[in-house]
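Please go over the structures that come below.
One chain, chain A, appears in both complexes that follow, with chain B as partner in the first and chain C in the second.
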Partner chain A sequence: MILRMQGVGCKYGDDLTGSVTAVQGINLSVEAGETLALVGHTGSGKSTLAQLMAGLLPADEGEIWLGDLCLTGKKLPKATEVCRRVGMVFQYPEHQLFAETVREELAYGPENLGWPADRIEREVAAMAAKMGLADLLDAGPYQLSGGEQRKVALASVLIMRPPLLILDEPFVGLDASARQEFMRLLLAWQQEFSAAIVCISHDMDCLAEFCRRLVVLCRGQMLLDAPIREGFDRVELLQKSGIYAPLGRQAVRRLKAAGWDIDTGALTVDEAAAAIKAARKAGKAGDNHGR
Partner chain B sequence: MGGKRGGIRLGAYYPVQSPVHGLDPRAKLLGMLAFLTGIFWVDEFWVFGLVYAFGFGVLWLAKIPPTKALAAVRGLIFLLAVTCAINMLVTPGEQVLWEWEFLTLTMEGIERSLLMLLRLVALISFSGLLTFTTTPIELADGMESLLLPFKRWGLPAHEFAMMMTIALRFVPILLAEADKLMKAQRSRGGDLASGSVMKRMKTLVAMVVPLLFNALKRADDLAIAMEARAYTGGEGRVSLRELRWAGRDTLALIVVLGFVAFMVVSRWL
Partner chain C sequence: MFKLENVSYAYDTEDASGQGGSRRQALCGVSLQIKKGEWWAILGANGSGKSTLARHLNGLLLPTAGRVEVCGREVRDYARVQDLRRLVGIVFQNPDNQIVGNSVEEDVAFGLENLGTARPVMRRRIGEVLQMVGLSGRETVDPAALSGGQKQRLAIAGALAMQPQALILDEATSMLDPVGQAEVLDLLQKLHEDGLTVVMITHNMSEVLLADKVAVMSEGRLMMTGTPAEIFAKSDELQKWHIELPLITQLGNKLGVAGCTDLDGLLQKLEEMAED
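For the complex of A and B:
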């Protein structure tokens, strides 16, 4: 097991200004190779939960284990110990770039982990090649385009090979093709190292494409934890948290409501197109189903 | 572990409802200026007794726990002790109690240093009264209004206040940004709290460079956004929050000024 959370709660604020419970009673475990979508309305506690998982916020109650490392014990673990087990990519991660060159930016994490110099050099070159940054290694990160900066920031975390990767709104501000590229890179990396990914996003279509498990938060509490295909069937529950199904699922569901005999399991637009095609074919072969 | 967000409060403002909180910031600014100046005139123990009674009385009116006001003293205790000791040991006088090399302990020295201690503690703990009861924005508004008459001599009162307001607004934003950067670099193994000096230095650079970069970018965005909403400086601009001077402000100011007059006069009593 890569991550185990039991009865985890966290509050913000103090007695004077009033404290706010950000998350409460969270029980969650993540296994290697899992891809988990963490969704919820704004202020539902997603980012807090992500930071708790990454050992960046102290929990007020409950237990958090990253493999064999306890984050909630009396003695807090060292940052490098935590980083060997979990990596976090923040919203707009390009805002955290600081080094003079992309090469130095990528080497920063491995240097902190104390890898030997030749290994760092090797890994930086390999990571840059994988991310399509090989020609930019000696460029300054601030000179790059937004999409390239995002890739550098992602690579600077991926290079540390965390068994658990947490992404807080990784697609915000990317254009459609950059988003596709970003997802492709993430999936390739995840499959290579069979890492677990927890992804926070409001973009259900992106999540549908690469997550297999759906966790819904509502006002700091876990409302749902299910395989993604089943999870998006719980329409009323999801609406309570202000969440809508991916476009593909919405399309087939509306056709079904309009009287079509169609499989409503589709999530992505591609799957929906295939389902519509199949329904039409069956409709022509049979009687007047599926128009 | 990183610090928690959400608990960030600007300055020392103590959010309760009280007659002092409700006063016009200009009355509080002027009153505080007079009161603090007055403290420098006081030179008798019994007058200090009254000053403390008055100060704590206002604190009580403002519903601020005295410990809160005295908390500022705690941070400066070492400085106070050293200043007090030096004063005590080098003040010449007639009633010598103890002598060694150039150090002399005299009755006059003890009296002098105790008075100074009382004065410093009063200054430190009561100067908080203004910031405890007035939000930074109110303060900026009050200052702008008080500085307005000096405009004819070229003092940019509005610009000054706007700068102060924006600077204050940026404090929590920058704190949140710094918190986020700290976490981001921490999740790449950079930790300010542990490691060698060199490593910490590098972590500091990893925080400060993007913090400055983002702050400058944000400031630039803000300037453009303000201009896009027709901001061209103070000329012709009105304010939603109009300061209104009421009877109680006059009354409060008269009470404070009366007390300050007594503090000054007490020197000759």
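For the complex of A and C:
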């Protein structure tokens, strides 16, 4: 078990000025190798939950465990102990960059974890090669494009090999090819270290390509926790929290409703196109024109 | 409203040691006319020069070559840059970076106070713009307590308080959830109907479909302009410039239906094909 949350709640403000409950009664376990999509409307508590998981925010109630490390005990765990277990890439990666060169940026985390210098050098070179940053090691982060900055921010977290990686809107502002590459790098890294990834996003189409499990938050509470293909079948429940199914799913569902004999499991555009083609072919074979 | 003639821009870059270095060419000979009241979307891959272009529209950047006219006047001829900024408001991706007030009304007041606007006028104007963006009744709220969509509407209110002729949005909805996006887009449609010129930089293809005109950028150059339907019919070119097609167009292409811009249209085509 990489992460376990039990009865977790968190409030902002205090009793004098009036408090707002951000999340409440969260029970969530994440295993190695999982990719979990965390979705919900603005203000549903996604970012609060992510910060609780990353030990950046103390919980007001409940228990949070990162592996064998308890974040909610009487004594707060050491920051380095938390950093060994969880990494977070925020919405604006440029805010996380501060070193003078990409090389220093990548070395910063490992230095704080007390890795020996020769290991750091080795790992920085390896990570840069993997991420396509090898030629940019001596560049300043502000000379990089947005997509490159995003990769540096990601690399500086991945290099510490956190068993749990939390990504907050990782795809925003990336164009199609940068996004594809970003997903490919992440999934390759995940397979290598069998890490768990929690991904917050409003982009259901990206999440459908990337994640296998769907967790929906609504007004601070967990509304749904299901395998992603099943999760997107809960149309009414999802609409309640303003979530749309990926386009591929919408298309096959609409055709099914129009009387087509079609498999409605598709999520991505590729899957939907394949399902529609299969339905057409079967329709022709049965001589009922795709129905 | 905007007239760009052969506009080029190069960023000065330094290497890590602080030595003066190379120049990075971000815009290359861009010529473009945007008429008053039009809604434009600017499309392009990362690093194609979209944001650099947008920053030329209100004098945040001045061209290294070529000329930019705003409301019939060269940007360098504006005696005070504030006058230009009043005409053209700009809203960026991250609302947290552009909100300065401790309360909603203070934030909207910021620009007006800098102009020395009389108090009663200021009060009235704040009331009007908060009404427009749907934040009436939240005057005393701390902006930090607002949702992303509300913050972005507040940022738009701050720009509207200056009574601009045009509003530039640089990926202003990309951080918002579908509900927040819809709120901002509804607001923009309303403002556009009232005659505001809108220039929107976006990666979101469903937003591009709302625009009257689309400008496509690649490597600092303007590659083509046209209506959304005209633009998305040119799949091959767009892909060459690393511009993603809307998912619905992609799905249509895979099924042999070209130039699709909405799901209803595609499903209708598929039904017709099934009946043939």
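Definition applied: the second predicted complex is superposed on the first by the 288 of 291 C-alpha atoms of A that agree within 3 Å, B and C clash if a C-alpha of one lies under 4 Å from a C-alpha of the other, contacts with A are read in each partner's own complex, and residues count from 1 in each chain.
Here, contacts are C-beta pairs under 8 Å (C-beta built on N, C-alpha and C of every residue); 3 or more make two chains touch, one makes a residue touch a chain.
The structure presented is a predicted model; accordingly, all values stated were derived computationally and were not measured.
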- Message: Clash or fit: chain B against chain C, after overlaying the two structures on chain A?
- Response: clash
- Query: Which partner, chain B or chain C, is in contact with more residues of chain A?
  - Reply: C
- Once the structures are superposed on A, label A:Q250 by its partner contacts, choosing first (chain B), second (chain C), both or neither. second
- Which partner does A:F90 contact after superposing on A: first (chain B), second (chain C), both, neither? first
- First (chain B), second (chain C), both or neither: which does A:A258 touch? second
- Based on the superposed arrangement, let me know which partner A:V157 touches: chain B (first), chain C (second), both, or neither? first
- Could you tell me if A:T80 is touching chain B, chain C, both of them or neither one (first, second, both, neither)? first
- Query: Thinking of the overlay built on chain A, is A:L56 touched by chain B (first), by chain C (second), by both, or by neither?
  - Reply: first
- In the superposed arrangement, does A:F182 touch chain B (first), chain C (second), both or neither? neither
- Message: With both complexes superposed on chain A, which partner does A:W65 reach: first (chain B), second (chain C), both or neither?
- Response: neither
- Message: Which partner chains sit in contact with A:Y108 here, chain B, chain C, both or neither? Use first/second/both/neither.
- Response: first
- Name the stretch of chain C, from among 22-30, 112-120, 130-138 or 184-192, that runs into chain B once the two structures are superposed. 112-120
- Do chain B and chain C land on any of the same chain A residues, and which? 20
- Show which residues of chain B lie in contact with chain A when the two form their complex. 1-2, 4-7, 9, 14-15, 180-181, 183-191, 193-194, 199, 202, 205-207, 209-210, 213-214
- Note on the structure: The chain C residues in contact with chain A across the complex are 13-16, 45-47, 93-94, 145, 147-149, 171, 174-181, 203, 242-244, 247-248, 250-251, 254-255, 263, 266-267, 270-271, 273-276
- Tell me, which parts of chain A touch chain C in their complex? 20, 40-43, 91-92, 100-101, 138-140, 143, 145-147, 169, 172-178, 202, 205, 242-244, 247-248, 250-251, 254-255, 258, 260, 269-270, 272-273, 276-277, 280, 283, 289-291
- Message: Can you tell me which positions in chain A touch chain B when the two form their complex?
- Response: 12-14, 16-17, 20, 22, 51, 54-58, 76, 78-80, 82-83, 86-88, 90, 93, 95-99, 108-109, 111-113, 142, 156-157, 160
